[in-house]
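The two complexes that follow have chain A in common; it is paired with chain B in the first and with chain C in the second.
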Partner chain A sequence: MRSLDVDVVVVGGGSTGVGVVRDVAMRGYKAVLVDRADLAQGTSGRFHGLLHSGGRYVVSDPNSARECAEENVIVTRIQPTAVETTGGLFVCGPDDDPDFGDKFLAGAAANGVPATEITVAQALELEPRVNPGIKRAIAVQDGSVDGWQLVWTAAQSAKEYGAEVLTYHKVTRIERDGDQVSAVICTDLKNGEEVRIGCHFILNCAGAWAGEIAGMADCHDVQVVPGRGIMVAMNHRLVNSVVNRLIYPSDGDIIVPVHTVCIIGTTDVKAPDPDHLPIPHDEVQKMFDAGEVLVPGFRNARALHVWAGARPLVKDSRVGAGDTRHMSRGMGILNHAERDGLKGLLTISGGKLTTYRLMAEHIVDAMEAELGTSHPCRTAEEPCPTPAPDPTYVPTNYHVTHRLHDREHDRMEDPILCECELMSRRMFTDKLAEQPSASLDDLRRQLRLGMGPCQGGFCTVRATGVAHELGTVDTERATGLLRLFLEHRWLGLWPILYGDQVRQTALDNWIFSGTLDVEHLPEGAEVV
Partner chain B sequence: MFEPDTYEHDLLNRASLDHCVKCTICETQCPVAAVTPLFSGPKYVGPQAERFRHGESVDHSLDYCSSCGICTHVCPQGVHIAELNSVARSAMKADHMPLRDQLISRTTLMGMTMTPLAPVANAVLRFKPALVAVEKVVGIHRNAAMPTAHVQTLVGWLRSRTAPKNPAPRGKLIFFHGCAQNYFEVETGIKTIEVLEHLGFEVIVPKQGCCGLPLQSNGIFDTARSWVRKLVAQLREAPQDLTIISCSTSCGGMLKHEANEILGVKDADLLEVGGRMRDVCEFLLEMYDNGDLDTSDWLPNELTVPYHAPCQLRGQNIGTPAVQLLELVPGLTVVESGAYCCGIAGTYGLKKEKYDIAMKVGKPVFDKVVAINEGVAACDSETCRWQIEQATSVPTVHPIAFIHQAMGLSKLPVSTGG
Partner chain C sequence: MANTVVIGAGLSGLVAAIRLARAGRGVTLLTKGIGGLPLSQGTVDILGYAPDRVETPIQASASMPEAHPYRVLGPAAIAAGVAYVQELLGDRLVGSPERNVLLPTAVGSLRPTCLVPTSMTAGVVTGGIRYVLVGFRQLKDFYPLLCAGNLERQTTPDGQPIHARGIILDMPAVEDMADSNAIGYARSLDNPAYRIKLAAVIKPMLEDGEVVGFPAMVGEHDASAHRHLEQLLDHPVFEVPLPPPGVPGMRLNALLTGLAKEAGVRIVAGARVVTFESDGDRILSVGQATAGRIRQYAADTFVYAPGGFESGALNMDSYGTVTETLFDLPLHGLGPDLITAGEPADQALFRVGVGVDKEMRVVDPAGNAPYSNLYAAGGILAGAIRWSEKSGDGIALASAVTAADSILKGA
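After this line comes the complex of A and B, so read on.
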C-alpha cells in the first residue's frame, strides 16, 4: 500500500473538483485530488459547451444570471484557450411569445447581464441559417467553452501550487477518527494498488456520485437525483454564435458552436443511475424538432454523435421540505459537521460549469470557516498556465481557425493522424509521452481525436499504430485500446444513425470488420 | 456580408461537406496533389478545412488548387469539393487580390489591348528579356503558354466577309464565341461557323462580352457575377428559342453550370440560357445520333491524332463527344491522352509560382501527345491547346478543324495557323 499525507483531499475531477483543488492549493494547503476516472470524464465533459452570459437565467433565476455574467468575464480572462468568445443571440421563434423579450431585457438590465436588442435583419446577417421567421433577437455575451480544456488548465494551475492530481484512483473507503475524518483509501485502477491518503479535510465534489462518497463516511441519505440531459453534435457549425430560444428554459432551446461542430441541447429527465444514462429515441427526435425551429433544415444536416450527461442535483432528506435552496440548480453545500456530527467533510451539490470558480471559492471559504482559518481567494485574478512551447507566447481566446492555421505551418513536416479534427502526429505523441497510461478516450478529450465526421474510422488505427510503434503500448494493450475506443464511439453513434452518418458508419464498419477483422483479433488486454 | 441571392448566402456548397465519408478518392485522383506537396489535396482543403473556416483566412495554400474540378467529378458522395474551394479562395483573396490575377482574369481587356498591336504584342511575347520583366513585375511565368494575338477579330471577320446567301433549311443557331474565339482563336470560331453554315444553319452572332470565368477562377466573384449577367442579357437579345453553340469548353461550362454552382447566380435568365447551350461537338454528335448528320461525303484523313479531353469538358457531364465525332472521319484514329489535366486550368499555369506544378501535372498528357505525334494534336479547350502546344511544340487544334477539313471546307493537312 502506498500512503501519503495531505491537508485536504478533493474527491472528484470535474470542473468543481479541479476548481476547488486549485483554490485550496493557492491558499497554501497541501492538497490532492482523486477521481475514479480521467479528469472531466463525467458531467463536465458531457454538456453542450455553453459559457453562460447569464441570459438563460435572467427571468427564471436572477441570482444565477448575475453570477454567470460575472464569471463569464473571469473565465474568459483566466482560461483563454478554453473559451471562444462567439457571442450569442436569443431569438423569438415564429410561435413564441414576443412579450417574453421584454421580461428578458428587464431582467438582464436588473442583473448586470449585457443584452442588446437587434433587428431581425441584423440577426440574420450575423447568422444566415437562423429561421427567417424569428420575431425578435437579443444579442448577449454567450461564449463557447471546452470543458476538458477548462478542467485541464485549472488542474495544471493547481499542480503548479503543489497539488497532486490522481486520476483513475477510485475511493473505496473513508476512515474517521471519532468525529473527525482521517483518511481516504483509494485503489489505483491502473495497477490495482491500494493508496491511503491521510488528511484533515475531505471536499466531496463527486457530483452525481456525491451520495456514494458521503455514504462511505457514514453520512447517509445524501440523495443525488441526477438530471439526465442529452446533447447532439452536428457535423459542422450551422451557427457561429450561440443561438438560444427566447423562452423560459426548455428542452432543445440552444445551439452552441463548439470547435468544429455545433451542439444542440438539452433535455432534463430524472435518472436513477448516473453510470447508465439512456438516450431514448423520442428525446433525440425532440432535439431535431427543436433544431428545426432555430435553424430550418436542421434535420437534413448530418448528426455526428449523441451523449448524455447527469446534472448533480442533490436532494437532502434532512433539509426541510420548504428549504428549496438546497434543491435548486444553484450550488448547495452540505455541512456534515452540522448534519451528521462529522468534522472535516463538506459535500457540494448542484452548480454550473460557468460558475465553477465561484463555487470553488464558496466551498473553500466554508472549509476555512470550519477550520477557523482565513486566506484570500486569488483564483479570479491569476490566469491558469497555458502550455506553450514559446514562453513569450501570450495566449488568446480560442478560435475555430486555430488548428487550420497551425497545420498550414507544419503540414509539410508533420503528418496528420486525425484528419477530421486536424490532429497532427506530434500533438498525439507529445500527449502520449506525458500520459503513457492514457486510454485513447483520455487522449481524445484533450486532442479531439476521433471526434469529427468519421468518428474514429480512419484515425483510431493510425493512433493505435503510432502508440505501438513507439513502444508505449504492447500488442495486447493496443488491441484493447482500439476496441475500447471503437465501442465508446459506437455508444454515441447508434441512436443518431440516419442520412450521411449511416454511410460513414458503413464505411467504417467495412474497414474494421471487413478489412481489419477487429472482432477476431487475438484477445486484447482488459484496458483501463 | 454576402448578397442575399448568392451561393455563399445559401451556403449549400458548405452543406455538401456533410456527405464526405473521408474515402480519399478525390485525393487519389487530384492531378495537383499528385505532383506537389505544396497542395494539401482536395479532401483536406475542401470538406475538412471548411469545418475550420469562419472569419479569418488562414490556409493560403488552398490557392494551389487549380480548380480543374476533377475532385467534384469523381466524388461518389456528391461533395462539391472544387466549388467549396473556389468559394473559400474568393473569401481568402477578397482583401489582397494580386494585380496579376486581376489582369489575367480580364480576358476581354487583354484581347482588346493586344489585337490592335498584334505584331508588337506577339514580338514582345517572343522576346525573352521582356518576359522575364513581366514575370518579375506581374508574376506571370516567363515560359507560360500565352495566346497569340491576331490582327483581325472574329467580329471583324464577320463584318468584312460576305455572309452566305444560301437558304438555311435547318433554321437558325446562335454562336457564343467567347473572348478566345473573338481575339485569340479566331480560326476556330470561323471554322465552327462555316461548318454550321455548311450543314444548312443560319448562324447568328449577337454582340457579346466575357462570361467572367477567369474572374471566377481567380476568386473575383462580384465582378464575375456582373459580367456573366451582362452576357446572359446579350445572348437573350437574339431569338430566345434558338440553340446556342459554343466551341469554348470552359466558357460554355460557365454558362451551363459554373455561374450557378460556384458564383450562386440563380437568375432564371441564366438557367434558361445555360439550358440552351451546346458544345459544338456535343451538338454535332446529337445530330449524328438523330440521323441528321450525313457523313457519307466526308473526305478521308489517314492520320492518328492524340486527343485530350479538358477538365472543363468533364465538368459538363457530356462525356467526350469529340472522340466519337472525330472517329466518323474516314481514316482518322483518335488516341485519348488518358490523363486528367494538362495543368493550365485556365490561368493557373501562367502564374510563376504554379508554372512548374502545372508542367508536372500536364506531363502525362505531353508525353502521350509527343509519343503519338503525327503532326497535330486535338483538344476542345483553348487554354489547354496553348499549354499542350507550348510544352510539346506539337500544333494543337480544336476538333472542329478536322470536321471542317472532312467537309472539304479546308485542305489537308489540317491548318494549325492563326
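After this line comes the complex of A and C, so read on.
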C-alpha cells in the first residue's frame, strides 16, 4: 500500500473538483484530487459546451443569471484557450410567445446580463441558417467552452501550486477518527494498488456520485438527484454563434457551435443511476424536431454522435422529486459537521460549469470557516497556465481555425493522424508521453482524436500503431486499446445513426471488418 | 440493336457490362464516379466466415441463411461468376475457388480470402513462415511492428508457428514529404529508380528465408514493379492491403474498366442516376443528372448494381425509414431493431436490400417483379453482411454473371 499525507482531499475530477483543488492549493493547502476515471470524464465532459451569458436564466433563476454573467467574463479571461467567444442569440420561434422577450430583457437588465434586441434581419444576417420565421432576436454574450480544456488547464494550475492529481483512483473507503475524517482509501485502477491518503479535510465534489462518497463516511441519505440530459453533435457548425430559443427553459432549446461541430441540447429526466444513462429513441427524435424549429433542414444534416450527462442536482422540497429541470441550478453545500456531527467533510452538489470557479470559491470559503482560517481567493485574477509552443506565445481565445493555422506551419514536417480534427502525430505523441497509461479515449478528450465525421475510421489504427511503435504499449495492450476505442465510439453512434453517417459506418465496417478483420485479431489486454 | 443500361461501376457493374458487351449487346454504363473497387483489397473473397472460418467457400455457401444471395444463386452460379473473373484476369489472380487461403492484414490478423493477386501470393500463411514487414515512417496507414506483433501471437490453422518481425524505414515517397499515403508511394514505386533505391536500403536487413511484406503500394500502373522488387531483394515479396484508397483495388478497377471499354461498353461517369420512366411494367429509361439537365438513357433491360449503404443507393433517414433511393424498390429484411448496441459490423440494417429471383430480376418480398426488365447485382442485394462474411466479391461476380446471362437468354 502506498500512502501520502495532505491537508485536503478533493474527491471528483470534474469542473467543480478541479476548481476546488486549484483554489485550495492557491490558498496554501497541501491538496490531492482523486477521481475514479479521467479528468472530466463524467458530467463536465458530457454537456453541450455552453459558456452561459446568463441569458438562459434571466427569467427562471435570476441569481444564477447574475453569477453566470460575471463568471463568463472571468473564465474567458483566465482560461482563454478553453473558450471561444462566439456570442449568442435568443430567437423567438414562429410559434413561441413574443411577449416572453420583454420579460427576458427586463430580467437581463435587472441582473447585469448584457442583452440587446436586434432586428430579425440582423439576426438572419449573422446566422443565415436560422429559421426565417423567427419573430424576435436578442443578442447576448454566450460563448462555447471545451469542458476538457477547462478542466485540464485548471488542474495544471493546481499542480503548479503543488497539488497532486490522481486519476483512475477510485475511493473505496473513508476513515474517520471519532468525529473527524482522517483518511481516504483509494484503489489505483491502473495497477490495482491500494493508496491511503491521510488528511484533515475532504471536499466531496463527486457530482452525481456525491451521495455514494458521503455514504462511505457514514453520512447517509445525501440526496443528489441526477438529471439526465442528452446532447447530439452535428457534423458541422450549422450556426457560428450560440442559438437559444427565447422561451422558458425547455428540451432542445439550444444549439452551440463547439470546435468543428455544433451540439443541440438537451433533455432533463430524472436518472436513477448516473453510471447507466440511456439514450431513448423518443428523446433523440425530440432533439431533431427542436433542431428543425431553430434551423430548418436540421434533420438533413449529419448527426455524428450522441451522449448523455447527469446533472448533479440538489433535491429541493419546493419542487416535485421527478421534476429535475426546475430544481435549483445553484449549488448546495452540505456541512456534515452540522448535519451528521462529522468534522472535515463538505459535500457539494448542483451548480454548473460556467460558474465552477465561483462554486469552488464558496466551497473553500466554507472549508476555511469550519477550520477557522482565512486566506483570500485569487482564482479570478490569475490566469491558468496554457500549453505554450514558445515562450513568447500569448494565449488568445480559441478559434475554430486554430488547428488549420497550426497545420499550415508544420504539415511539411509532421503527418496528420486525424484529418477530421487536424491532429498531428506530434500532438498525439506529446500527450502520450505525458500520459503513457492513457486509453485512446483519455487522449481523445484532450486531442479530439476520432471525434470528427469518420468517428475513428481512419485515425484509430494510426493512433494505436504509433503508440505501439514508440513502445508505449505492447501488442496485447495495443489490440485492447484499438478494440475498446471502437466499442466506445459505437456507443455514441448507434442511437443517432441515419443518412450519411450510415454510409460512414458502412465504410468503417469495410475498413475494420472487411480489410483489417479486427474481430479476428488475437485477444487484446483488458484496458482500464 | 438490343441494349442494356448498367448502373454502377463496381465489380458487379463492370463484370455484367463486359459480359453483355462481349455477347454483342449495346451496353451503356452509368456511374456517379469511381466504383467500390478502390475500397477493396484486390483479392476475390467468396466466403470467409459463416460465421466460423470457412475453408471451402463454394461448398460452405449452401449453409448460409435462406435469405442470403448465395442461397438464391446456388453453388453453380457462384462457380460460374468466379470462373468468369478468372477468365477475364487470367494469371493475375492465383488460387482455386474450392479453397480459401489466409493472408495477413495490416494489423496482423489472418484474413480468409480465395483468389489472390500475384503481388500477394507470397504472403499466404504456411507453417513456419518467416515474415518481415516493412513500414515507412512517412506512411501513416501501416505499422509493421503491430502487424508483426499480432502475427507472432498466432499459429497457422494446424498449429504451426508463425514468425514475424517489423522494420521501419525513414524514406519518404517524395523528398521532404512527411505525410504520404499509399498512392503517393505507389506512384514513386512505379519508377524503377525508386525501387532500386529502396531495395538497397532493405536488402542488408533481410535474413535468409524471410518473406518480405510491404504495404500494398508496390506500383500503381507498372505491373512489373512487384517482380522487379523481388529480383532486387532476392526474396519473395508480398503486399499487405491497407485501408482505402486501396492500390490493389485501384489496379483491379483499372483492368476491368479497360476491358469494358475494349468490349465496347460506353461508360458515362461523373453524374448520378436520379430519375426513371416506366410504363408500369417495364423501365423505359433512366435519367442521369449531368450538368445543366437530366439526360435520359433508354434501354430494353437494366442492370442495377449501385452498391449498398456505403454508396448511398440505400438510405435510412432520421425517422428510421429505409429506402432504395432511385427506383424506390421494395426492400427485403426490414423489421424492428435494425440498429442496436451490438457489433457495428453485424447490424441487421446492413442485411436490408433488394430481393431478386433466380434470374436476378428484382422482386418484392412476395416474389412479384415490380418491373419485368430490371435486374440487380452486387452490394444492393439483401441478406448478406459482406464485410463480415468476406463475401462481397463472390456475390458481385455471381449475381453479375447471372443477371447478364438472364438478359442474354431473354429471360
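Convention: the second predicted complex is superposed on the first by the 516 of 528 C-alpha atoms of A that agree within 3 Å, B and C clash if a C-alpha of one lies under 4 Å from a C-alpha of the other, contacts with A are read in each partner's own complex, and residues count from 1 in each chain.
Operating definition for what follows: contacts are C-beta pairs under 8 Å (C-beta built on N, C-alpha and C of every residue); 3 or more make two chains touch, one makes a residue touch a chain.
Small disclaimer: the values here were computed from a predicted structure and weren't measured.
A.B. asks: After lining up the shared chain so the two structures overlap, which partner does A:Leu422 touch, if you call chain B first and chain C second: first, second, both or neither?
C.D. replies: first
A.B. asks: Between chain B (first) and chain C (second), which does A:Phe458 come into contact with in this model arrangement: first, second, both, or neither?
C.D. replies: Both partners, chain B and chain C.
A.B. asks: Just to be sure I read the superposition right, which of the two partners does A:Val32 touch: chain B = first, chain C = second, or both, or neither?
C.D. replies: The answer is neither, since A:Val32 touches no partner chain.
A.B. asks: Of chain B and chain C, which one contacts the greater number of residues in chain A?
C.D. replies: Larger number of chain A residues touched: C.
A.B. asks: Using the touch definition from the top, say if A:Ala115 reaches chain B (first), chain C (second), both or neither.
C.D. replies: Neither partner.
A.B. asks: Determine, under the contact definition given at the top, whether A:Ala217 touches first (chain B), second (chain C), both, or neither.
C.D. replies: neither
A.B. asks: Which holds for A:Glu125: it touches chain B only (first), chain C only (second), both, or neither?
C.D. replies: The first partner, chain B, only.
A.B. asks: Go through the superposed model and pick first if A:Leu105 touches only chain B, second if only chain C, both, or neither.
C.D. replies: neither
A.B. asks: Tell me the contact category for A:Ala478 with respect to chain B and chain C: first, second, both or neither.
C.D. replies: Touch partner of A:Ala478: chain C, not chain B.
A.B. asks: Please work out whether A:Arg411 is in contact with chain B alone, chain C alone, both, or neither, and reply first, second, both or neither.
C.D. replies: Both partners, chain B and chain C.
A.B. asks: Kindly list the residues of chain A that each of chain B and chain C touches, one partner per complex.
C.D. replies: In chain A, positions 411-412, 457-458, 499-500, 503, 507 sit in both the chain B and chain C interfaces.
A.B. asks: Which part of chain C faces chain A closely enough to touch in the complex?
C.D. replies: 39-41, 49, 53, 105-111, 138, 140-143, 145-146, 149-150, 152-154, 168, 176-179, 241-244, 246, 308-312, 315-320, 339-341, 343-345, 347, 349-350, 386-388, 390, 392
A.B. asks: Help me check something: in the complex, which residues belonging to chain A touch chain C?
C.D. replies: Counting only chain A, the residues touching chain C are 285, 288, 299, 303, 411-417, 425, 457-458, 461-462, 464-466, 468-469, 474-476, 478-479, 482, 486, 490-491, 493-494, 497-500, 502-503, 505-522.
A.B. asks: For chain B, which residues are in contact with chain A within the complex?
C.D. replies: That would be residues 1-2, 9, 11, 14-15, 17-23, 37, 40, 43-44, 48-56, 58-61, 77 of chain B.
A.B. asks: Once bound in the complex, which stretches of chain A touch chain B?
C.D. replies: Residues 125, 128-129, 235-237, 240, 260-261, 300-302, 399-401, 403-405, 407-408, 411-412, 419-420, 422, 452-454, 457-458, 499-500, 503-504, 507 of chain A touch chain B in their complex.
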